[in-house]
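Below: a set of structures, written as structure tokens.
What follows is chain A paired twice: with chain B in the first complex and chain C in the second.
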Partner chain A sequence: MLELILQTSVNAIYAASFMALVAVGLVMIFGVMRVINFAHGELYMLGSYCVVFFYADQQFPILVATCIGLVFVGVTGILMERALFRPLRDNPLGGLIASIGFLLCAQAIISMGFGVRAEHVPPTTQQVINLGIEGVAIPLQRLYVVIAAVLLLGALYVFLRHTRFGWALRACAQDAKAAALQGISLNQTARIAMFIGAALAGTAGALTAPLVRVYPYMGHSVIVTAFIIIIVGGIGSLEGAIVAAILYAFVHTFVTTFADGVIADIVGLLLMLMVLVVRPNGLFGTRERA
Partner chain B sequence: MAGRFYRKGLSRRSFMGTTAAGMALAATAAPRSTLAADDTVKIGFLAPLTGEVAAWGAPGLFGCEIWAERVNAAGGIKAGNKTYKVEIVSYDNEYAPDKARAGAQKLINDDGVKFIMMLGGDTMPPVVQVANRAKMLVSTLLPSDLTPDTPYLIAPCEVHPIYNVTGVDWLAANKPELKTAMICAQDDALGRPSVATYLAAFEATGIEVLDDPLFFDISTTDFAPVMTALLAKNPDILCLDTCYSDYVHPLAEQAYLQGYKGQIISCTADFYDQMIEKTSKEFMDGVVFQFPDFDDPALNEPQINFNDPNGFFAEYNKRWPGEWGAVSWEYASIMDLWKAAAERAASVEPMDVLVTMKSGGTGKHAFGEARWWGKELFGIDNALVGDWPVVVIEDGKAVIKEYRSIPAWWDKHKDLMIKHFEAMGEMYYQRA
Partner chain C sequence: MTRWLGFAILAVLLIGAPFVLSFSQQEIAVFLVINVLIVCSYRLLTLTGEWSLGHFVIVGVGGYASALLSKPTWLPPETAAALGGGLPVPLAMLAGGCVAALVAFVLSFPLFRLKGFYFLIGSFAAGEVIRLLWKKFRDPFGGPKGLKSVEGFPDIQLGDISLPMWDATNYYYLCLIVVGVSLWILYRIERSRIGLTFHALHWQDKLAESVGVNAWRYRMLAFVIASFFAGIAGALMAHYLGTVNPNMFDVEPMVFVLIWVIVGGTATFYGPILGVVTLTVLNEIVLRELGVADQMRHLIYGLLLILAVLFLPKGLESGVERLRARFRRREEGDNRAAQPDAA
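Right, the complex of A and B next:
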């Protein structure tokens, strides 16, 4: 039983890492731009397809393909900000509708380019790391995701706390008008937030492409989970998103293992409802953010 | 272009005279069969061509198009005094019930199809209403769509999930040392009846299922926890039920990565070459499933009722490399049955074809002689059931090991099947 609990914990750590990458990106975009980006799952999907194209089809090294995914999806985020969200800055509902439009376009373009069927992404490695206890192990591919999540989220923390751009982002997230009055460019901070948010989603998609089903509609399930996480964590709170990702991943993974996956989804939603009842602004949310 | 002719001096009178002469010549010189073949019978293909279930729709359409080209090239369908060319009219229902209803209405009312082929499942109930009103013959790949209220719905090819009993039966006969099993499936209209079938099949062979089947949601992306839960029971057999191929692949990969060394049985193993690449040839050796590659020599046996299976497979792979899957041949096989019935009925009208198809209570499906069956399980004898192949991966290639009789299994163990269908709430009177 101890082995099963430990192995399930290892599975949950991977799930938390992946979910945190996606959810933190979504929170970045909402925090700075006040846009609910429904197309965030599609940014994740685009990251996966970068790996399909550059790694599986063109035989680039996986690290190169992942970096291309990060940059490509980040730049896509900048274009979304410029073309969709900036003209609708004072219209939150408009931004949401525009993101749904982008979502449908992205799915259609990928379907036309790659087909509707799941893509085959060869494994980057089949090595499994034994963790010292029999029956407890983590495949190296999954460990890559965990390490990348820790590094990227750590770098983001340093960026937000110790750089001028980071301070500007946090200032805009707290009060955009006051930040603008201090001379901070809202357009520039929105661009940076969108690049970081999209790039995190794209990186999550690229890193997990060899591990999950890569198909044009793969963003659906991810966006639902990401929304649950940011609601539990507190909308707009980066720390909340990370804590909620860990909490949700452990709850979901343990319930899947010890009951079943359908019950795990129900428990995940119940978790969100409970948090909303006890703390309507989420675990780390404030009244202003919500 | 006409203006240039006039400027060259072609008068209106000579132009009209030449045209009339040409038309008369064409009318007398053309062979009669060509004229008769101007009649076209339209067949509707109403299945998911995009979306998450597209893998069980689109490859079937590719197969149907090849089938129609072959039939048309051979002269078409001769029904009574007429010869018909076949035209497949497709409509993407995206596996959404409302789109399936709209598609059925368009195919029947606007396109005038004489027969509609569907995947079935969640998209079937609204189509049944439309089809019943129009008395339109509709086929499904999922006999679990059948109820007493679906008189015009037939399952003439795939008797999912009942054929899964043949794989378990073969496994028990050939590997008697396997005593225990664990099952997982997605929680939907495909997964649940299939779980009931596997439970019945395991019970019939004395294989113990160690715990309740593990269901997961169709939106699941990470299969590591599912596999950890399954392997924690240390089963001899890992049963992947009728999981979609997009789930079978990561499940098999997780089994491999988590060190599983036992037997795997699955309804499908589409694109098993990719599964081998994600695991190893040794790991996949011995995996049992139910859908052969059509280059298998065993498909050339005399009882097989599918025109040139090896040639069909070669043509399919030439046009759609890497796309061959479980349904690639199935809709084409249904078209074979429909064509035979239409030619016997001397009519392409839906009710004439249906009556002829079911006359005598027997028929020939892709794998040989079969009987119309299903009253006890579905409330109506509209499923054509006979032998079904048991396929095993050997040295990286799917091989038909044996054809096993579903009716023979049913005659011996039908009480078990009904018991598990009832427990799962999948009997026709529970679904209604």
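Right, the complex of A and C next:
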């Protein structure tokens, strides 16, 4: 029993790290631009397809393919900012709708290019690392995701706390008008935030491509999870997103293991509804950001 | 005068439509009419300023309820027999609407503690929970495969002629009548004191509350009424398709409802109708006739959505309103030009 609990915890840590990557990106985008990016799951999907194309088809090393995924999806994010979110800055619902339009386009383009069937991505490594206790192990592939998440989120933390760009970003998230009056370029900041947010989602997609079913509509379940996480954590709070990702991953993984997947989804949604009703600003939200 | 002429032309067009459409287009017309009811009921909710992402699940509640009430396989056989086997389908449809309204009533207690974006997400979560419950419980909801062989609408006897309701044309007329009556009721509600209060809540909720309007109660009322008609739409859909399953009511159709409403615009009563009709005709009829592949049509849909938001942010109705304003101005101009002669 103890082994099962420990093993489930290990699985939950893996789930938490990739959910945190996606959710933190979503929060960054919302924080700076006040836009809910409905197409965030599709950015994740694009990251996976970069790996499908460069690693599975073109036989590039996985590390190169992942880096291409990071840059490609990040640049896609910049383009989205320029073409969709910047013209619609004063129209929050408009940004949401435009991102839904982008979502439809991305799904259509990918399914035209690759077909709607699930892609086969060969595993990069079959190695399983034993964690000292009999029956508790983590596949190396999953460990990569955990390591990458810790490294990237750590780097993001340092970037936000200790660089001028990071300060500018946090200033914009606090009060865009005041930040603009201090001479911070909103366009520049939005571009950086969008690059980082999109690149995090793309990296998550690239890293998990060998572990999940890669198909054009895979973003759907990801965006639902990400919404739950950012609501529980408090929209606009990065720390909240990380903590909520861990909380949600543990709840979801344990319920899936001990009951079943659908019940786990229901429990996750009820958790979110409860947070919404009891503490609408989320666990870490500080003020009304409706 | 022109108004009545307009209605007459519209009625002729709607009644004549099935005669010029091909069989598959008749099917689309049935769903188009049902979708009109869905978007219009949705608009009633948006009048109070709240946007829901759970509306299509409420449609599903109506469909499931109506299907289960008209064919109570979930009751023990003796009880069902004692009750005389399920409700007749038309009554079951009304009951489906009522169940949807009831579900909305219960949901409004947690949901209307939330506003704006939080309401959007909260309603989405609530809808998703309902949908997953359908998926989870094989009895009575049929699990992931849903309910099959839902009771069809009974044939209508007009003297010696019997109109079978599995036929797309006949069902189209039935939907036309049901939806027409529903739209008339929705229109009257909007024009009544209640509707004006909804508008007030949207634009000046603090002010409305300060003069004694119970905002929470009115929001709930809008949600319940909208859900009733959504439920009716769902019942119409269920008894035509003969099947309901959880996947029919996931986020994707909800996104389409949102698209129709936003592309059409929500400031006027006809805005959402304009949106759903234009986009459906474009998507199902024009593009399909041109033989554009499925994926390509999704791409075009997505691009259109982006372009609409960027260049027509107030919806198609704003274009119509502009045309009408120009037309009126020209008429006034003519009158002014004519007046000196008269004098």
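Definition applied: the second predicted complex is superposed on the first by the 287 of 290 C-alpha atoms of A that agree within 3 Å, B and C clash if a C-alpha of one lies under 4 Å from a C-alpha of the other, contacts with A are read in each partner's own complex, and residues count from 1 in each chain.
The rule we apply is simple: contacts are C-beta pairs under 8 Å (C-beta built on N, C-alpha and C of every residue); 3 or more make two chains touch, one makes a residue touch a chain.
All of these numbers come straight from a predicted model, not from anything done at the bench.
When the shared chain is aligned, no partner comes close enough to touch A:6: not chain B, not chain C.
Once the two complexes are overlaid on the shared chain, A:87 sits against chain C while remaining clear of chain B.
In the superposed model, A:262 lies in contact with both chain B and chain C. Once chain A of one complex is fitted onto chain A of the other, the partner contacts of A:224 extend to both chain B and chain C. By the touch criterion stated above, A:111 is placed in contact with chain B and with chain C alike. By the touch criterion stated above, A:251 is placed in contact with neither chain B nor chain C. Contacts of A:276 after superposition on the shared chain: chain C is touched, whereas chain B is not.
In the overlay built on the shared chain, the residue A:71 is in contact with neither chain B nor chain C. Once the two complexes are laid over each other on the shared chain, residue contacts for A:101 go to chain C alone; chain B is not touched. In the superposition on chain A, chain A positions 111, 220, 224, 262, 265 are in contact with chain B in one complex as well as with chain C in the other. Against chain B, in their complex, chain A makes its touches with residues 4, 7-8, 11-12, 14-15, 18, 111, 116-118, 120, 122-123, 126, 128, 137, 139, 142, 211-213, 215, 217-218, 220-222, 224, 252-253, 256-258, 260-262, 264-265. Those residues of chain B that touch chain A in the shared complex are 49-52, 54-55, 58, 187, 212, 214-217, 219-222, 224-226, 228-229, 232, 245-247, 249-250, 253, 256-259, 271, 274, 277-280, 323. Listing the residues of chain C that touch chain A in their complex gives 51, 110, 113-118, 121-122, 124-126, 128-129, 132-133, 135-136, 251, 255, 258-259, 262, 293, 295-296, 298-299, 301-306, 309-310, 313. Chain A makes touch with chain C in their complex at residues 36, 84, 87-88, 91-94, 97-98, 100-105, 107-109, 111-112, 220, 224, 227-228, 231, 235, 262-263, 265-266, 269-270, 272-273, 276-277, 280, 290.
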